[in-house]
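As structure tokens, here come the structures.
Each of the next two complexes has subunit A plus one more chain, namely subunit B in the first and subunit C in the second.
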Partner chain A sequence: MQTSRARLFKEYKEVQREKGADPDIQLVCDDSNIFKWTALIKGPSETPFEGGVFQLAFAIPEQYPLQPPQVRFLTKIFHPNVHFKTGEICLDILKNAWSPAWTLQSVCRAIIALMAHPEPDSPLNCDSGNLLRSGDVRGYQSMARMYTRLAAMPKKG
Partner chain B sequence: MDSDDDMHDANDVESMDEDFYSGEADDYYNSDNADVDDYEFVEDADADSDVFTARRHQQNYIILKEEDIRQRQENDITGVAGVLSIPRDAAITLLRHYNWSVSKVHDAWFSDEDRVRKAVGLLAKPVVEHPNLREFTCGICFESHQRDKIMSVACGHPFCITCWAGYISTSIIDGPGCLTLRCPDPSCGAAVGQDMINLLARKEEKAKYSQYLLRSYIEDNRKTKWCPAPGCEYAVEFAAGSEGYDVSCLCSFNFCWNCTEEAHRPVDCGTVGRWIMKNSAESENMNWILANSKPCPKCKRPIEKNQGCMHMTCTPPCKFEFCWLCLGAWTDHGERTGGFYACNRYEAAKQEGAYDEAERRREMAKNSLERYTHYYERWASNQSSRQKALADLHQMQTVHLDILSDAQCQPESQLKFIIEAWQQIVECRRVLKWTYAYGYYLAEYEHAKKQFFEYLQGEAESGLERLHQCAEKELHQFLDDESPSSNFNDFRTKLAGLTSVTRNYFENLVRALENGLSDVESHGGCSRAASSKNGGSSKASRGGGRGKGIASTRAGCSRTDDASHWSCDQCTYANARSATTCKMCQHRR
Partner chain C sequence: MEEQRNSMSKSREQAEGESSPSSSSSSSHPCPICLSPTPQLQESYLDRCFHKFCYKCIVQWTKVVASRHSEAPSSLFCPFCKTENFSIIHGYDGSSFERHYVSQIFSDSVFFTEAHRYRLQCYYTEPGILSDAFDIKRFWKSRKYLQSNPWLYSWLKREIQALMQEEDVDVVVHHMLGTIESSLRRDDQKLKAPELKAPEERQREFKMLLHDAARPFLTGRTDRFVDEAELFLASGLNLEAYDNVYRQRFDQKNPRIDSLEEPTNDGAVILQSLFVFDEDQDGAE
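And now, the complex of A and B:
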């Protein structure tokens, strides 16, 4: 408990110090609970998520960093490896490939990389995965773009 | 003509030569009831069946005790370390990676050392060089530490002792996956060997790690398995390519090498698996497992899926990747096979009927509970009877043999026949038990097979009952004798005779089941066509019919398959309609 708190505090200070160093990621710690974080990440360019801002929720276990944080999308996203309803993410480093040397920041970077490079072979969103696996890249992109517009962009007017 | 050959085999064992069938050996047959003749017959059979059992029980396996295992493991490790000139811990990592096959390690290492080093995580030199810093930042807690509080493996990535200890401890708690632990740095694959564990882990964690290492030596090696008996810590090394899977562990548990259930010859592993599953299917526990989990298609451990995608990876050391829906290998799921995510393989398999089998079985189980109960009761009572016999055998060996030896003034070596009788009983109870599982799965529509099977089973069973009774009841009176009894020699003759006879019945039964009751096909042909081309078939039925009158204890199954023949109630021979007495046994129609 104490080690995880200390480590999270280190990360917190690092985030404060490096503010703006990575313009794509904005990590915020909950005011009252250092084990709850949220992040805003920008959809990577040249993907259907470009222009969108996606919110992630982190729930950090007491054994952190020996155990991985639990992360899910709060913003709806159409992506093969993200559960369409719950926002759960299927990413190896959040499960068995976790290493204590990862940080919340690097988890965010990994999620951005996952957005740009979906892994349709282990899908949580089957429809999305099937579009890619059947080679319908265009269909996939337009669906993903539509949901990005609907859910991850400021409403116009 | 395979079946004919089998037939000869069977005949050899029973020491019945061809004369017997040509009717010249009437004395054999007719004097069956006399114990003396019986015994002669038995002596003969004994000689042959000894050869038979010797062939059968030729040891094709070695039982390993824990110290043997450690010794072998140690030899392999030091051997590899010596030949490759690498440290002991590197040798362990290498051997584990190649499933403890020394030759595979050598082959791989000498063909491409660099590739092996990379795959296993044995770095030749550090990835990060440290100038002479006095302080380091730990890659996990991000605190600065003095040099003496920092450790790293071959790669040189610095982590503090506390974080290392936590990292190692977490991975050991997680399971045998700790044997393939790598440096915590995500980009680094450097192996963390036992040296590091021994430096940093707590005492009980070290013990657990070394236990995993020992287990890995047995479990990852294809030639070795643990004895499945509860509490038994021996392992078995099995020579590949040998026939017969029965293994007898030093703990006295007999089991099947192939499926690690208890020994079940002559019934095949599939039948036994279904039967055991069926027996336990009644329990709540099993119902839950069936409803909520699936066995890993490779290692068969039940897996509960609580979240995530359908791409499953079994826990180490299995690590098999498969699809949760169809349980097929994940590598089969590609566009190549048309196996998109919705897993049409499942649908296709269902259409092909691969899933119907299981469902049909479930359905049948519900509808035929009575039938099942019939077989189960007999299976279970033979099971408990065997347990009792085992206890009796033990009692005999430890207590009664002494008493008997004194009471009858016989040296113990002369009383071996009693032990042999009990061993035979134990073995027969085991076989008999499994024949009930076999009987349960024998298809209803295969009438001839079923009849033949039940006949053989009935013969064997009644033989066994007589033996069991003789060994249990008749023996007791000799224990209480004040002075040596004159009847004791008769008893010896009788018990030894019964032992051999029973053994023969069971060898017969085992053989028949092992070749899938294939004798019956020719038998069916015979009773219908009576072309007598298939002499073997009548032999088979005659062989059993020679059952010293017990055949009559079974319900006569006088079959008149077609108008031109009738089968004899006593020996089942298919006689021409015109005959009024059986051509074989002179039994009246």
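And now, the complex of A and C:
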């Protein structure tokens, strides 16, 4: 556990030092618990998520970085590889392809890449996966855009 | 080769927007696993891609990877670049170095014997394999625990070595031993008091104390460890006899569980599925 704490502290310092270096990601550590983090990521451009800001929750195991962090979307998102209700993410590097060389920051980047490149063949959100698999890209995009507007953008007064 | 490596690391830095000025010279790259600068004595390199790690960190990671397979793997994919590597170069002092083959990280460690491996495998199976072999209720009811078990130390040591995959566990073992013994001795003193606690209450207390003592070291495996410890105490057997009973049960369920010569790919998984069918038979015995 000491190792994970030391490593997370390094990541924390790196995040503080590099603040604003990546305008798409804002990582914040819980005030009282270094094993709990949240992140705000911007939806990638030229995708239905463009313009949205999505919140992620990180729960880091005591064996980190030998075991991957648990990450889920707190913001509703319509994406084949994200569970619509729980926000659970299906991504190989968060499961069996995990490597301890990943950091929380690079995991965020991987999630942004997943948003731009959905994998409809391993869906957690079947409705979304089926739209893409049946070739209805427009249908998928309009649904995804609608949920981005509803959940990931500031409400217009 | 050198050029290729440089361009690779550069492209990675660009791709990830990592432009930390302190990591510009290759010697000051921190270990990718702990993110700390590697102490010189700990410096080690993978044999194909030459990426540098702390020896401790990369060996730990190799063990994690190995524990996912029933057989020790012969190669390791670099955590940084995914190149397949076969050994870790370590202890380079200008003229000589040590070379540790991935396939031997487990097998050549003197302390991690076949018995350790079998104990660790036990934790990957469903509990209850021995629940009808020893009478746990009677152990508490008839206060068998008042007799101290002289084999408890060796059992604890092997168990904790297997679970933590670490050789030097003496401090942890003594901590657990102290917890167990003080818990049982406290019961001993209470025996003279007019009011005796119910056996169930005593059992619950014992389990809670041991659980609290073990949790920081064994984390997710604590619950099972406490049950296994109780089982061993209730058995009243020495290490050898206990193993005999345990392995006999294992072999009933899966004849190949402890014969490591034979390649068993998903031994533990097969075992779990067989359990479901054997449950009734066991109850009838």
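As a working rule, the second predicted complex is superposed on the first by the 157 of 157 C-alpha atoms of A that agree within 3 Å, B and C clash if a C-alpha of one lies under 4 Å from a C-alpha of the other, contacts with A are read in each partner's own complex, and residues count from 1 in each chain.
Keep in mind that, in the parts below, a contact is a pair of C-beta atoms (placed from the backbone, for glycine too) under 8 Å apart; a residue touches a chain by one contact, two chains touch by 3 or more.
As the structure is a prediction and not an experimental result, all values here were calculated from the model.
Engineer: Taking the superposition on A as described, I'd like to know which of subunit B and subunit C A:Pro100 touches: first, second, both or neither.
Structural biologist: Both subunit B and subunit C are touched by A:Pro100.
Engineer: Quick check on the superposed pair: does A:Lys10 touch subunit B, subunit C, both, or neither? Answer first, second, both or neither.
Structural biologist: both
Engineer: Using the superposition on chain A described above, determine whether A:Glu88 touches subunit B (first), subunit C (second), both, or neither.
Structural biologist: first
Engineer: Classify the contacts of A:Glu62 with the two partner chains as first (subunit B alone), second (subunit C alone), both, or neither.
Structural biologist: A:Glu62: touches subunit C, not subunit B.
Engineer: Would you check which partner chain A:Asp121 touches, where first means subunit B only, second means subunit C only, and both and neither mean what they say?
Structural biologist: The first partner, subunit B, only.
Engineer: What is the contact status of A:Asp22 with respect to subunit B (first) and subunit C (second): first, second, both, or neither?
Structural biologist: A:Asp22 sits against subunit C, while subunit B stays out of touch.
Engineer: Applying the document's definition of touching, compare subunit B and subunit C: which contacts more of subunit A?
Structural biologist: Result: the larger residue contact count on subunit A belongs to B.
Engineer: Which of the two partners, first being subunit B and second being subunit C, lies in contact with A:Gln2: first, second, both, or neither?
Structural biologist: It touches nothing on subunit B or subunit C.
Engineer: Check whether A:Arg109 is in contact with subunit B, with subunit C, with both or with neither, and answer first, second, both or neither.
Structural biologist: Second partner only, subunit C.
Engineer: Do subunit B and subunit C land on any of the same subunit A residues, and which?
Structural biologist: Overlap of subunit B and subunit C footprints on subunit A: residues 3, 6-7, 10-11, 14, 63, 65-67, 96, 99-101, 106.
Engineer: Can you name the residues of subunit C that touch subunit A in the complex?
Structural biologist: Against subunit A, subunit C makes touches at 16-17, 19-20, 30, 32-36, 57, 60-61, 64, 68, 79-80, 82, 216, 219.
Engineer: Where on subunit B is subunit A touching in the complex?
Structural biologist: On the subunit B side, the touching residues are 139-143, 157, 159, 162-163, 166-167, 170, 184-186, 307-311, 313, 330, 333-335, 340-342.
Engineer: Show which residues of subunit A lie in contact with subunit C when the two form their complex.
Structural biologist: 1, 3, 6-7, 10-11, 14, 17-18, 21-22, 62-63, 65-67, 96, 99-101, 103, 106, 109
Engineer: Within their complex, state which residues of subunit A touch subunit B.
Structural biologist: Those residues of subunit A that touch subunit B are 3, 6-7, 10-11, 14, 63, 65-67, 81, 88, 90, 93, 95-97, 99-102, 106, 120-124, 126, 129-130, 133-135.
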